[in-house]
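What follows is a pair of complexes built around subunit A, which joins subunit B in one and subunit C in the other.
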Partner chain A sequence: MKFAIQVNEGPYQHQASDSAYHFTKAALEKGHECFRVFFYHDGVLNGTRLTTPPQDDRNVVNNWVELAEKYDLDLVVCVAAAQRRGIVDEGEAQRNGKDATNIAPRFRISGLGQLVEAAIQCDKLVVFGD
Partner chain B sequence: MSDLHTVNKSPFEKPSLDTCLRLSKPGSSILLYEDGVYAAITGTTATDKVASALADKKVYVLEPDFKARGLKAERLIEGVEMVDYAGFVDLVDACGKVQAWL
Partner chain C sequence: MSDKKQFMFLNRRAPYGTIYAWESLEVVLIAAAFEQAVSLAFIDDGVFQLVTGQDTTGIGMKNFSPTYKTLGDYEVRHIYVDKDSLEARGLTQDDLQVVPWEDWETEETVDNIVEVVDSDKLAELLEASDVVFSF
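After this line comes the complex of A and B, so read on.
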């Protein structure tokens, strides 16, 4: 089965991101396919590589990155939500005149069309949020 | 194919569970996870609602979230089934659509 995942909340504020991660991991371990994980609203905050949680706490961002590396996941951050919240890649930094980037590896910034495409292409879209 | 409804809000915080129970069709499945697990225990104002929903719907609760909140299996409403994340995946796999009552 082909899943698509939508994450609407940032890490540490709400359990949604953890739930989405554990669900995606369990699905992949069962041999299912994940077409895309789309981070929307505060969910885009899962895509900054600059987070430094305490060492005895889980690192939500790194969890996503490692899962993406293992299973070649497509982690997509909504561009409009990212601009509002300061999630920046090279292209966005140039376009908007920013002096730095913070996008985590394996994440990419793109538009809402990616969510629509994921919803069309997948068998099931599962939404995690508040 | 019947749908899966997911509820992640405590029934004492938001009316998500009430809305879900009112609008879900007989034969559908409901998964309680995150703070939604509080609806799965006996002795609360939500107990009767969930117990009567079991007449024509299946109700599941996510075990890691249930345990993370210090809830004991002895207090689980009879007929509510415990699943882990793999079970969550199986429920999504087996259902028609997934409706998240956020």
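After this line comes the complex of A and C, so read on.
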């Protein structure tokens, strides 16, 4: 089955990102396909490389990065949600005159059209959040 | 992307207290541009999103409530409101915005696409949807 995943909550505050990660990982290990993971609302906060959890805790951001590296996952952060919450890549920094970037590797910032396209292309859209 | 899907946006939260309502509306407007069959449903505190006369001046937030009135222009064809959720909050359809719809090609018009439905009907509608976005 071809899945699209939507993550609506930030890391650590909420289990949504962990659950989405475990679901996606399990689906890929079973041979299913993941068309895209789309991060929306506070979910965009999963896409900053500056996250530094305590050493005895899981690293939610790195979990996604490693999964993306292994399976060539498309991790997309919503641009409008990202701008509101200070998730910045090179292009956004230039466009909006910011002095730094924080986007994690393997993540990219793009528009809501990417979510709608994923919903059209997939067999199932699975939404994680309250 | 020629295939047209039934998109259902399930709105469950009151506006302004959190950003979910506003960011849901942003996806609705984009989905409509992709020429999908877009419907909205409002349940639980989500029914407050359609209540008329919202005034955000005292809280310093952008008032996006007038946007709902324009959804017909974005080819949103159906807006459903859960009857039990309305009643539990002391509301009736008279408290809700009117959203007109007009097909400029056939000149077919509907005065108000906002429809109050019971939970059985809502369950059927969700079952019949290809994609459910839950906010």
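Here is the rule we use: the second predicted complex is superposed on the first by the 130 of 130 C-alpha atoms of A that agree within 3 Å, B and C clash if a C-alpha of one lies under 4 Å from a C-alpha of the other, contacts with A are read in each partner's own complex, and residues count from 1 in each chain.
One rule holds in what follows: a contact is a pair of C-beta atoms (placed from the backbone, for glycine too) under 8 Å apart; a residue touches a chain by one contact, two chains touch by 3 or more.
As the structure is a computational prediction, the values presented were derived from the model and not from experiment.
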Which superposed partner A:W64 touches (first subunit B, second subunit C, both, neither): neither
First (subunit B), second (subunit C), both or neither touched by A:F38: neither
Which superposed partner A:K30 touches (first subunit B, second subunit C, both, neither): first
Which of subunit B and subunit C A:F3 touches, first, second, both or neither: first
Contacts of A:A80 with subunit B and subunit C, given as first, second, both or neither: second
Which of subunit B and subunit C A:L112 touches, first, second, both or neither: second
Subunit B versus subunit C as contact partner of A:L125, first or second or both or neither: both
Subunit B versus subunit C as contact partner of A:H22, first or second or both or neither: first
Subunit C-contacting residues of subunit A that also contact subunit B: 8, 125, 127, 129
Sites on subunit A touched by subunit C in the complex: 6, 8, 40-41, 80-81, 84, 111-113, 115-117, 119-121, 125, 127, 129
Residue ranges of subunit B in contact with subunit A within the complex: 6, 8, 33-34, 64-65, 84-86, 88-90, 92-93, 95, 97-98, 100, 102
Complex interface listing, subunit C residues touching subunit A: 1, 3, 5, 7, 19-20, 23, 26-27, 30-31, 33-34, 36, 131-135
Subunit A - residues contacting subunit B, complex: 1, 3, 8, 15-16, 19, 22-23, 25-27, 29-30, 32, 124-130
